[in-house]
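One chain, chain A, appears in both complexes that follow, with chain B as partner in the first and chain C in the second.
Presenting the complex of A and B:
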């Protein structure tokens, strides 16, 4: 594609698109620093004059916040637990304030990373066998995709039943398996399109040169579709990171993820704790932004090569 | 036991319902260069892939140095192959591409360097060894692919239309080079091409494959002069051979062949080759054996020029005989015009006869 000239109407279009895309992010970050009386104020407060970190303290170090407010809430050595003597940010009381969001943050990291790795490994094998050995003929690729053809809630109920039977609810490995199962169709199809774009003669040349079939895939195919694998990995990671439904119904107390935790910041008297939710949401996008920044080069190339061709 | 390096024994290959190869048998003596000649889709590539081990036959077996290797993986066969699309490793430099097979064989680094630079000299690609394939010209890619095959000491070489992507001059040059290389290294080559001039120029033996089976395995010139059947005759030669349906007349011990309004006498030698029962045959006449003259000659057939097409060294002229047409190639300097009446002579010794039903060549 020849480089396009930058014109004034292009500039206006891009600016509008950028505002449209980035406004929610701006609003999220802005709200995360607002005190509770500014969350839903009319007219809206764009950038708070009384910026506070209380929302962040609530999710990350709630005890610091409560001590600051004079109400001591701590676990004693005997395990006895005192109730908060004051309300936290936005009128939140009790459990919400005592527990930080760290469990959910770690839960999201562990589950997303392992589920993504599992999904990519399984998807890559499936993609190779479908693309190179026509495994399962014409029907298997569509059969794999069929899991995505109806709303997730339809398969969520059976998941709950099955998971209860085998004791997989409220466990890390259970959620990892569930996420991998749900994302494998995507990873298979995306990776398949990258492999399809690579002439199979390159691997065959490597076999003639002395590599076994398996090693030809490991040493030749995989390095050549590296960009595609990275792009697919990021895509699956985002899916897993932001998944809500399965995490909600398959976890109770021992395991949590960020999206589920977000929904818990809700108080009986004040409604949704927008500032706290915004703070956790802001925290949750940081890892993805960092990863995205580092793999940007591969991502752009990966997405233009292969993903939508054919 | 024979000293054939490679043998394909009635190999069939089906892809689903389509049959790519049907009962194909072929033997290559050690040190020979055999050209697989056939149009696109005839089964050339499939044959090479079966020999390479990249495909396994539906029926039949592949033998290498007297061993049944049908079930062997490609990397166990020690055969080098140059692919149709060359299939260089795009992420590796020219040097790394050529060195890769030796690298896999764990050859010491110094030996690899020596060998790669020797081959690069031979192929005149030393200057591109440090660059990646995306920066190569077509000819350079071709040579790197050849180098990657030559760097090893394989049992044999498979070349799948290796010169197809090159322009004409380069093709001629590399073709000559390839033949010299084959003589130098004394290895067995199996070379697939759809181009009969390339086949004639290269091969000791040419194997014509049509519709998945071997039609003829013969030295190049035999293929041209004595094709096994109508299809082979048609595929070999440009402009293509004239094929006309003729009636055989035998009167008073003198035979002649008639087609359209033409009757041509047959020499006793030509006639002796035709079995006595035969009444109708298909006659094949190479364009260069059709002699066209301006003035009417006794015993010659009369026709009109219907088309003139200059081919550089030759000119192809179409002669119309009211119902039958013949193409003739004549030396460039002679000039004919359209609609010009001419007389045509054809030496019966140069005629090739085919059975009307089976298409097989009749006679010795």
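Presenting the complex of A and C:
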């Protein structure tokens, strides 16, 4: 349509949409800087007058904070009791508070990086097979996609039993495999759409010049879709970083990811540690927003399985 | 260099295609198909770990013992009101939020066809919710919707006085809390998809219609919408596929409560398996849901199958 004039009520609509989109994010970030007495104040505090980084210290270096508050130097049975007292919330909190979130942050990084790598390698091979060799006709791509269709919780029980039988619960490699299996349909379809965009004739020309089929893929196809591979990698990284359910049912104490840590804070305190949780949430979304910004123009392609290309 | 013999040619097209697809088939078979089959078998058993019977013994029992009990389970599950309610609720949440997301997304997309300053910045800002992980979305809205939270405060400013809205403790309001959260999270995707659709609408018929004196409204319905049909279906199918799995946000927002007011199929299955430990029962329910969703989505995918596979 030819561009129409931007009217004042358009402006109001846009402003409302912006407030709706950004207010929750603002609230989360703002809460993460509030001292504990302002978390549930009535009326709510919008921007704290005495902003503090205490919440961030609490999740990253619990000991620093606890020492500052006086007392607790070692994590004994009594110590945990004391932590619970100083924060003014129930007993189980100490357990979780004392544990630094580094374990979760480290877990999230390790698991999402390796799961993404696995998902991309397997997905790239499958995408080549589907796009260039039409292996399995129309059935295979949709078989792969069906892995993404049903609620993963529907196979959770046999999944957990199977994993504990081979000793994969509460391990990094177990979660890496599980995450890769859930994201591989997306990486396959997205990469397939990038390969589809590339004319077959380029590879054929390379083969005429003496390259084998394998080398044509390695030396011609893959370098030519490099941008697509990077975009897909970042996209899958977002998905893996956000994955929650499998980490929830497959981890206990040795391995944690940020979403699970967040949920643990939540269940231990009925959500009452507002500032601390908001701090962890803020830390966790920073990489997502940055990555998302960089692959903005590929997001549609990824999320629509390559059906929409712009 | 071609080697002699038929089966051993590493450059044979069929051989390469098969070899390249093997890893994904292995991964999906081991981690999705195998549990799926186990679940089917389990759904015929009375297995519960409380009895001290391992999974494999339970599987063995299914093949050696009388099946009538298990079959009863499979039939009973469809009669349990909580299961059926969860199904209906998931459908209701999905349909309500998809329609809202579509309408808001379409409104915003038409807005972005016009020229205004700092468009790029606004565009990026509006996409933010989509990037945030579901667990964080759930917790953020949990904070916002507290009785003493900012949402009630703002409603108080508009309506006057402190509103008596227990968003997360009232079944009716909790349903809307879930819908609002879902709409907040995924409207940007509809906006993005619909905007790219609107940008691809052919311009000539519109100019012709304008010259012939058609109103904007008429042009929108008779020229723009028909050419957007494919893209609208894609948006609904892609989102539909994800929204029926809705779990993370609700897990933090209401845990399916109060009571079972916001219990979707995913939450129902989770509670059944990991809180009530009714494993065989959860297996039956899981299996039925699996079949239902795969069939439903394949039906939904039908109209866009061609679009997804074109340019191969």
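What we mean here is this: the second predicted complex is superposed on the first by the 242 of 310 C-alpha atoms of A that agree within 3 Å, B and C clash if a C-alpha of one lies under 4 Å from a C-alpha of the other, contacts with A are read in each partner's own complex, and residues count from 1 in each chain.
To be clear about the criterion, a residue touches a chain if its C-beta (ideal position, glycine included) is under 8 Å from a C-beta of that chain, and two chains touch if they have at least 3 such contacts.
Small disclaimer: the values here were computed from a predicted structure and weren't measured.
Shared-chain residue A:232: touches no atom of chain B or chain C. Applying the stated contact rule after C-alpha superposition, one finds that A:55 touches neither chain B nor chain C. Once the two complexes are overlaid on the shared chain, A:220 sits against chain B while remaining clear of chain C. Of the two partner chains placed by superposition, only chain C is touched by A:288; chain B is not. Of the two partners chain B and chain C, more residues of chain A are touched by C. By the touch criterion defined above, A:128 reaches chain C but does not reach chain B. In the superposition on chain A, contact is made by A:210 with chain B only, not with chain C. In the superposition on chain A, A:36 contacts neither chain B nor chain C. Looking at the shared chain after the overlay, A:150 reaches chain C, while chain B stays out of its contact range. Common to the chain B and chain C interfaces on chain A are residues 212-213. Listed in rising order, the residues of chain A touching chain B in the complex are 199, 201-202, 204-213, 220, 223-224.
Looking at the complex, you find that chain A touches chain C at residues 1-6, 10-11, 13-14, 17-18, 20-25, 27-28, 31, 40-44, 46, 121-123, 125-126, 128-136, 138, 140-159, 161-162, 165, 177-178, 180-181, 184, 188-189, 196-197, 212-214, 238, 241-242, 244-245, 248-249, 259, 262-263, 266, 271, 274, 277-278, 281, 284-285, 288-289, 291-293, 296, 299-300, 303-308, 310. Those residues of chain B whose C-beta lies close enough to touch chain A in the complex are 52-54, 73-75, 79-81, 83-85, 87-91, 100-101, 104-105, 148, 152.
By the touch rule above, chain C contacts chain A in their complex via residues 10-11, 13-14, 16-21, 23-24, 27-28, 30-32, 34-36, 38-39, 42, 55, 104, 107-108, 111, 113-116, 122, 124-137, 139-144, 146, 148-150, 153, 184, 188-189, 192-193, 196-201, 203, 206-207, 210, 216, 219, 224, 231, 234-235, 238, 241, 244-245, 247-248, 251-252, 265-266, 269-270, 273-274, 279, 282-283, 286-287, 289-290, 293-294, 297-298, 301, 304-305, 307-309, 311-312.
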